[in-house]
Amino acid sequence: MTLIRAADIPVAEPAVAVSPARQLARRILADRAATAGVTVIALLVLMALGAPLITALTGQSPTEFHPEAIDPALGGLPKGPWGGISAEHPLGVEPATGRDVLARVVWGARLSLLISLLATLLATTIGTVLGLVAGFQGGWADMVIGRLMDLLMSFPSLIFMIALMSVAPDGNRELMLVAVLGLFGWPYIGRIVRGQAMALAGREFVEAARVLGATRRAILFREVLPNLTGPILVVATLSIPGYIATEAGLSFLGVGVRPPTPSWGQMIASAVPWYAADPVYFLVPGLFLLVTVLAFNVVGDALGDLR
Amino acid sequence: MIVYLLKRLGAAAAILLVICALTFTIFYIAPDDPAQKACGKACTPERIEQIRGQLGLDTPIPEQFASYVRGIFAGRTYGTGPTAVECPFPCLGFSFQTNVPVQELLVSRLPVSASIAVGAAVLWLLVGVGAGVLAALRKGSWWDRTAMGAALGGISLPIYLTALVLQYLLVVVFEVLPYPRAVGLLEDPAGWFASMLMPWIALAALYAGMYARLTRTELIGALNQNFVRTARAKGLPERTVVRRHALRPTLTPIVTVFGMDLGALLGGALITESVFGLPGVGKLAADAINSSDQPVILGVTLFAAAFIVFANVIVDLLYAVLDPRIRLGTS
Amino acid sequence: MTPLLEAEGLVKRFPIRHPLTRRVTGHLTAVDGVSLTVRRGETLGLVGESGCGKSSTARLITRLADPTGGTIRFDGRDITTMGEATLRPVRRDLQMIFQDPFSSLNPRMTVETILSAPFRYQGLKPEPGQIAELLRRVGLRPEHAERLPHQFSGGQAQRIGIARALALHPKLVVCDEPVSALDVSVQAQILNLLRDLQEEFELSYVFIAHDLGAVRQVCGRIAVMYLGTVVEIADRDELFAHPAHPYTAALLAAVPIPDPRIERARPRVVLSGDLPSPANPPSGCPFRTRCPRAAERCALERPALAEGAPGHRVACHFPLDTSVDLSRDGAR
Amino acid sequence: MTLLDVKDLRVSFGETRAVDGLSFSLERGRVLGLVGESGCGKSVTSLAVMGLLNGATTSGEIWFDGQELLGSDRRAVRRLRGDRLAMIFQDPLSSLNPYYPVGFQIAEAYRAHRRTSRKQARATVVRMLDRVGIPEAERRARDYPHQFSGGMRQRVMIAMALCLEPELIIADEPTTALDVTVQAQILALLDTLRAEYGTAVLLITHDLGVVAGTADEVVVMYGGRAVERGEVHALFEDPREPYTRRLLAAVPRIDRPVPDRLETL
Amino acid sequence: GQGGGTASAPQGTAGAKAGVLHVLASIDLEHLDPARNYVTSSMDVGRLIYRTLTTNAAAPGPAGGEIVPDLATDLGTPTDGARTWTFTLKEGVKFEDGRPITSKDIKYGVERTFAPEFPEGPPYARMWLRGGDTYKGPLNGEGLKSIETPDDRTIVFRLNRPVADFGSAVSMPFFAPVPKDKEAGVAYDNRPFSSGPYKIEKFEPKKRIELVRNEHWDRSTDTVRKGLPDRIVIDLNLDPAVIDQRMIAGQGEDADAVQFEPIGAASVAQVLTNPALKERLVTGESINTRFLSLNTSRKPLDQVKVRQAIAYALDKEALRTVRGGPIAGDIATTLLPPAIPGHRKEDPYPANVAKAKALLAEAGFASGIDLVLDAPATPGGKAQGEAIQASLGRAGIRVKINEISSSAFWSTVGNASHQHDLVIDGWTPDWTGASTYLPNVLDGRFIVKQGNQNRAHYDSTEVNKRFDEIAAMTDAAAAATAYGELATRIMRDAPVVPFLWDKSAFLTGGNVTGAYGHVAFVGRVDLATVGLKSAR
C-alpha cells in the first residue's frame, strides 16, 4: 500500500525561520484543524499511557468475561440497547464474552500507538540513513540502495506482510509487526530523503564545508541532516497513520497480535459478523481508528503545507 | 530506446526473480509442512515421506526453486506415471489443495479483481481529479477547504471500515443494494453493477482523496509557472490557459502515479474482496494464506509483483512519451 | 619565488547521460587544457560567458572536483591527486567564496556556527573574540553572530561567506562570481571589501566573473575563457587596451557603457551565431564558428596559447593586435 | 501622442507596498527605460500594466491609448493583451511551455486574436521566426523549447510578442539571463524590429548600460517610486538626484581609469 | 422449542423435481475424489455424486445414524467370525455414461486409497484388509488380492481381524465405484465420475461447483436420495456473516438456497427474535463432541488431580456462548453424545471453581499453574481460547494461547514435539457408534510421533485391554453398552474435558423444502433430499 507520496512532502526550504520545534509549534497553532489534531493525538496518547489507570478507575479489565451482561440464548448479544452501554460499561460490552469495550479500546490504543510509533521510528531511521547516503554519496551506494528500494517497493507488500506474519513463529508478535512494517515502510521515506539529500548535495554550503576540510560524515550529519529534519518530520508524521491502519489491517486479517491482547483491528475483525446485530460494537473501535488516523493525517498535512 | 526497453525489462525480470526467490525461501522454510497437511487425518511418517516425494519436496530448496523458475517458462509436470499432472506454460506452481495449476486459479479470479480495480479507478479518477482541479482553481475558497477536508477523511478511512459501513447502511438498513456476489459483466450487467458499486466506493474513497490532493498540489504548482503567465500575456481565454497550459503538465504526474497505483492495486483489492466475499485474486491470496497453500501464495505474490514491476516500466515509458524533454533528450 | 598556484593542462570531462536511460551518450569537456599560474599577492581574473568552464576550473583548483587530466601545484606541492585527508591541512591555505550568498550558508546554522566551522573542521578552536573580530572586519557587528542567514540581506550574507573564507588566514581565495548575484551598489561594496582584505591579509585571489567591469576593478591579470579553454591572458591594462583575440574584442565591445553618448557612438560588434555546445566542440579553434576572421586553417588546427607581447599570451591564428608577433605562426 | 500613461500607481501585497505612487508616460514608438535595483517594483509595475497581477491591491490609473485599464472589465483587458500589448519575460526557458513546440505556442498567440486558418497562422509563425533570426525556421518551428539555446529562446519570445504587431512591448529584463555577447545580439534585434514596426517599448532593466544604449527616456525607481525621470542624455549627463548619481558611480566602467575604490550608496 | 432443543423434522413435504438449488458455503470442498473424501462437508456433497455399498439413512435426528443398503442389496454378509464380508450389488445401477456399475469398479475404488498419492482418506482399508500393510495402490497396475470379485455383482473383502461393523464402514466414500479407465490421478479430485443422481458440470475450486442431473441414475435403485432439483449450485468460500445476512434477507435466488454451515453466533439474535425467520431455521443433531485435550505426558498434567481441577474449572457455558449459545449445541458432560448408542446421562465434573482450587492445592499447586493452549488461528479458535483462558484463570490456572494457522493446526497438534499442554479438540466418529471414536482418540497404543490423534497422550493398560475386548464383540448392542461404561471409566482419569455436543442450526430459503440436518454430516443439511417448493 502506498503510505506517503512525494507530492505531499515539501522540498527543503532555502531559509527556515527558527528551530524545527518552535516552527512546528507555530505552524500548528496557526491552523485550527491541526490544533484539533494535536489535541486528539495528545488525548489518545494520554489514554494509551493511562490505560491501566483508566481500567482501574472503571474497575473493568479488558480480558474479564461478563456473562451477566450478555444473553447466551441470543448468541451472546449484549443485554440492553446500544451494544450494552451502561454505567458500568460506558462503551458497551463485547458480544459473546461480555468483555468491557472501553477497557479493550484503551488497551488497544496502547498497542496501536506503540506499534505504529516504533515502526515509524524504525522506518524513519533506516530510511533517513540510507536515503541520505544514497542521495549524497551517489554512484555505487546510490545504485545498491536504489535497487533495494525498488525491490522492496515492488513487493505486493500487504500480501507479503500477511503471508510473512502467518508463517512467522509465535514469538513476540508486536516486535515482529514493527519489524515487518518498518522493513516495507522505509523505502518510502528513503526515497524522499534521497531526493532531498540530492538537492542539498548540490547546494553551495556543502561545497563550502568541503573546502573547509569537513569529512564526509560531518557533511552528512552536521550540514545536511539538520536541513532535512523538517521534511523527515513531515514524512514520519504522515507515515504514522499508514502504519496504524496497516497494523489494524493485519490484525483484521488475523495475522496481527495474539489474543487476549486487545487491538483495534482485531476488535473490528471480530465485530464484522456482528455488524448487523450489534453495530455499536463495530462502530466504537472503528471510530477510534478513524479519528486517530485522521488526526495524524491532519497534523502531517499541516506540517507539510507549504506556506 | 529499444535497448533501453529491453534493459528495463531485464531489470524488471531480475527484481521478479529476487522476489520469487525470497518468497519461495520464506514459505518453504516455514513451519507448515505441505506434505503433512496433504496427509490428512490419518497419517504416518512413512506416508509423509511418500507424499514429499510426490510433491517434489524431497529435493534441496535451490533445486526446487530452479524447477519452479523453469516451470514458469517451460511448464512442468508434477509427479510421475499415471498421476502426473501437466502444468503448462506459464506454470506458477500447482496448488496442493485444489489440484489445479495456480495460473488457472489466477485466470479464473482475474475478472472479479479487474472489475473492482478498473471500476474503482474510473471512479477515483473522476472524483479525485475533478475535485482536485476545482479546488486548485478556487484555492482557499469554501469549496477548496471542504474538498480537501473530505480528501483527508477519505485517505484516513481504512478500506474495511468504509466497506462495512457501506454494507451496513446500503444493504442492511436501507436495502438499496443486494449483497455483492460474483456476477459476470456479460451475464448480468445490472447485477454486476449493483454488486461492484460498494467495492468501488470503498476502494475509491481512499484513492480519490489522494488524487484530489495530488491534483490540487500539481495544478497549483503549474498555475504558478512562468509559462502560464506567458499564456495569459498572450491574451488567451482563462479556460484555454488552464486546460492547455496548466492541466497538461499536471496530467503527467497524475498519469504516472496512476500507473503505479493500478499496478499496486491488488494489495488493496485483497481487503476489499475479503470484506465483500468476492472471489477475486485478493481473496484467493487471503484464502491461500489462511490455508497455507504455499504455491498459491507464491503465485499470487509473483503475479502481483509482476503487475507492479511492469506497471513501473510502463509508467517510465509513458513519462518519456508525455514529456518531450525526456522523449527528445536535451540537445 | 615559486608561484602560489600552478595549474598545467587541466582537463575536466563529464559523461552525458540520457535523461531516461541514464546511458552515457557522450562526453562534455567543461575544461579543456587550461594552464594558469597565480603569483603571491596577485589577483588573477577569469572571465568568459556562461558555460565556458569558469566554475569548473575553480572547482578543480580547489579540488572540489577531480581533474580528468593535468596537474595542480599549490604552494610548492602537487595537490592533483591528494586524498581528502592529506588535503585537509592544505585547505587552510586554499579557500573559496561562492556566487549565491544564501545557498552557500547553511540555513540551519547561526552565523556563529558558520564562522566557527572552519576551525572545527580543521580540528581547531576559535579564540575568544575571534569570531566577533572576523565579523567586524567584514563590516558586520558582533551581535549578528546570533542570527540565521536568512535574516541578512544579500550583501551582508556575502560578507559572512567572505569572513568564513578568511577565518583561517588562507593564502589563496578562489572567488567564483562573488558579486554576480548582487545589485550594483552592493557589488561595489563587496569589491571594495575584497580589495581592502587583500592588502590586510596578503591574499592572492582567483577572481571569476562574467562582468568585465568588475574584473577590471579588482584584477591584476586577466584570463579570458571560451568553451573550456583560455584564449587570451594578459595584464589588465594591456588586455583592455590591446585585446588580441577576436573574442576578447567582441566581449569588450558588447559590454554596455552607462553613458548614452559613448554607448551610441561605439561601433556595434555583434557576434553571429550561438555558443557551440561543449559536448560537441568545433574542430580546430573553438571560436571559429563565430569569428569574423575565421579562415580555413582555423578549422584544421587548434591555435596554441602563445606569447606575443611580454606577458600577453593569445590563442589565435590571426590575432588583432600588431604588437603580437605573428612571425612565429608564419604568414600564409 | 501618449500611448501609455501610468498615474499614481500603487500596488501592495498585504502589508508590503511593492509600488507606491508611480507615474510615467510613454509616447508611441518610443523606448522608455525603467531602471532600479532589485525589488524596487519594476516587475510588479509591468504586470500591473498587463493586468496579470494576482492577489494584489491596486490603485491609480493606467491609460493605454485612451482606455483606462485598471477599471476596465477583465475581458476587454484580455483582448488587448498579446494583441496591442505584448510582453517579453526575463527567463525564456521557463516562460515557454515545455510541452508544446515553439511554433504552436506562437501560432496560439496569433490565433487568439486573429481569425485565421491553421495554415495561415503557420506561415506567419515561420515568417516571424525567420524574421527574428532563427535559421531553418520551417523546421525549427516544430522543435520544443528545450531544444533551443538561451538566445534562441529569447528570439522565440520576441517572435511571439511581435507576431500581432503590438503597439507596446513590455520587456522585463529581456537580456538579464543572457551573456553579454548574446545580450548585444538581442538588443540589436529588438532595436531593429522596434524601428521597423514602430512599436513603443517599456524596457525594464537594472543595467544602466543597457538603458544608455537603448532608451529614449528613463525612469529611475527606488522603493516603488520614481526618484528621477527624464530624457536619456540629460539624465545620464546631469543626474539631479543623489541616488541616481551614486547608482551611476557604483558601476565599474571599462571606459574610465580604474578607481581605487568604487562609490557606494 | 426454544432455539432448537430437539431436531426438527424435514420441512414441508414433496418438492418439485425441478429448479436450481443454491447452497451457500463458507468453506471449501477439500476433496471430492472418493479415495480422499474424508471430511463431513465433502462427504455430504459426495453423496450426491457417487453411491457407496451402504449409506446413512435419510432421516433427521439419531435415525440418520442408521446404515442402509445403497449399491449393495443388503448390509453385507459376515463369515469367518466377521473376518470375511460379502456384498452383492443391485441390478440396474449405472454410471453417468450409462455403463453398469460392477464389483470391479468398487474394488478399484477401494484399492485407490492405498496409493500414496491419495493420502487423505480413512485408514480402515489399510488397517483391516489383508496385505494392506504392503500394498501401494493400483496406479502401477497391481491389484489387492484380499478383495475378490467372483462376478460383476459380488465383492468379497478378506480382513485381518474381526470387524463387527464393517457393514457401516462401507458407507464411507472410498467404497464408491471408480471405473479404472477414468483414473486421472490427483486430477480425479476435480471431476469424479458420477454414479449418483448428479454429475459435476463445472468446478472452480474455492469458488463454485455446479452439479447437473445424471440422467443415468435410476431412482428406483436408490432408497435414500431424492434427486429433486435439476441443478445444484454450491458457492464456496463465502463470508460466513454475509451468508447469514443473505439467508436472513432471503431475496431472489437466495429463496432457493440453503446454508451449508450453521449460522454464526452473531445472527442468532436476529433469527430467534423474528418468527418468520425462525420458521426457516432448521436444527440438526450431530455426533460431534468437542473437548479440551489435556496432554498427560507433560507436567503437571500428568497428575490426575490437576486434570480434574481443569475439568471442574472449565466454564463450558462461556465456551458454548462464544460458539453461539444453546443453538450451537448441548453442554457435554461425558465423552459419548446422546445420539451415539451407549451414551450415559451423567456429569462427573459439574462446574465448581472452589473445588478446582482445592484439587490444585491438594496436588501441590496452591499458587496456580501455567499452561499453554494450542488453538487454531481462526476467529472461533481465538474466541474459544479466550473463553478457556478466562475461565481457567478463575481457578488460578494461567493459560497462554498459542495460535496455530488453521490449516496447520491438526498436523501441528498431532506432532508430539510441537504439541503443548492443552488442545481445543473434538471428534466425529465415522459412523454412529463409539468404535471409530473412543479407540481413535484414547487408545494409548495409537500414540505416534506425527499424525497423532490421542492428543491427551492417554495410555492406560486397563483401558487399552478393554478396547480390544470390545472390538472383538460381534454383538453391536453389547459393544455399545460396553463403550458407554468404558467412557465413564475413562472420564475418571479426565484426560479430556468434553464441553459441547454440537448441534447445527441453519437457515433455508423460503422456497426450500425437505431440508433437515443430518447427524452424519455434523448436522448439516442432507443435500440428497432437499427440494424446491416451486421451480422458477
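Labels A, B, C, D and E are assigned to the chains in the order they are written; within every chain, residues are numbered from 1.
In this section, contacts are C-beta pairs under 8 Å (C-beta built on N, C-alpha and C of every residue); 3 or more make two chains touch, one makes a residue touch a chain.
Chain labels with UniProt names: A, B = ABC transporter permease; C, D = ABC transporter domain-containing protein.
As the structure is a prediction and not an experimental result, all values here were calculated from the model.
Shared contact partners of subunit C and subunit D, listed by label: B. When the partners of subunit A are compared with those of subunit E, the chains appearing in both lists are B. The interface holding more C-beta pairs in contact, when B-E is weighed against B-D, is B-E.
Geometrically, the chain at the heart of the complex, using CA-atom means, is B. Between the Cα centres of subunit C and subunit E there is a gap of 91 Å. In terms of their C-alpha centroids, the spacing between subunit B and subunit C amounts to 55 Å. The distance from the centre of subunit A to the centre of subunit B, each centre being the mean of the chain's C-alpha atoms, comes to 23 Å.
For the pair subunit A and subunit C, the distance between mean C-alpha positions equals 52 Å.
Residue positions of subunit C touching 2 or more other chains: none. Residue positions of subunit D with contacts to 2 or more other chains are absent. Contact of a single residue of subunit B with at least two other chains is seen at positions 31-32, 172, 274-275, 290, 292, 325, 330-331. Annotation, chain-chain contacts: A-B, A-C, A-E, B-C, B-D, B-E, C-D (touch as defined at the top). Of all residues in subunit A, only 13-18, 203-205, 207-216, 218, 223, 226-227 touch subunit C in the complex they form. Note for the complex: subunit B touches subunit C at residues 1, 3-4, 7, 316, 319-320, 325-326, 329-331. Residues of subunit B touching subunit E in their complex: 31-33, 36-45, 47-48, 50-51, 54, 79, 81-85, 95, 97-100, 105, 108-109, 171-172, 175, 178-179, 181-182, 274-277, 279, 283-284, 287, 290-293. Against subunit D, in their complex, subunit C makes its touches with residues 49-50, 183-185, 187-189, 191-192, 195, 210-214, 216-217, 236, 240, 250-264, 268-271, 274-275. On the subunit A side of its complex with subunit B, the touching residues are 1-2, 5, 7-8, 33, 150-151, 153-160, 162-164, 166-167, 169, 241, 245, 248-249, 252-255, 268, 272, 275-276, 279, 282, 286, 289-290, 293-294, 297-298, 301.
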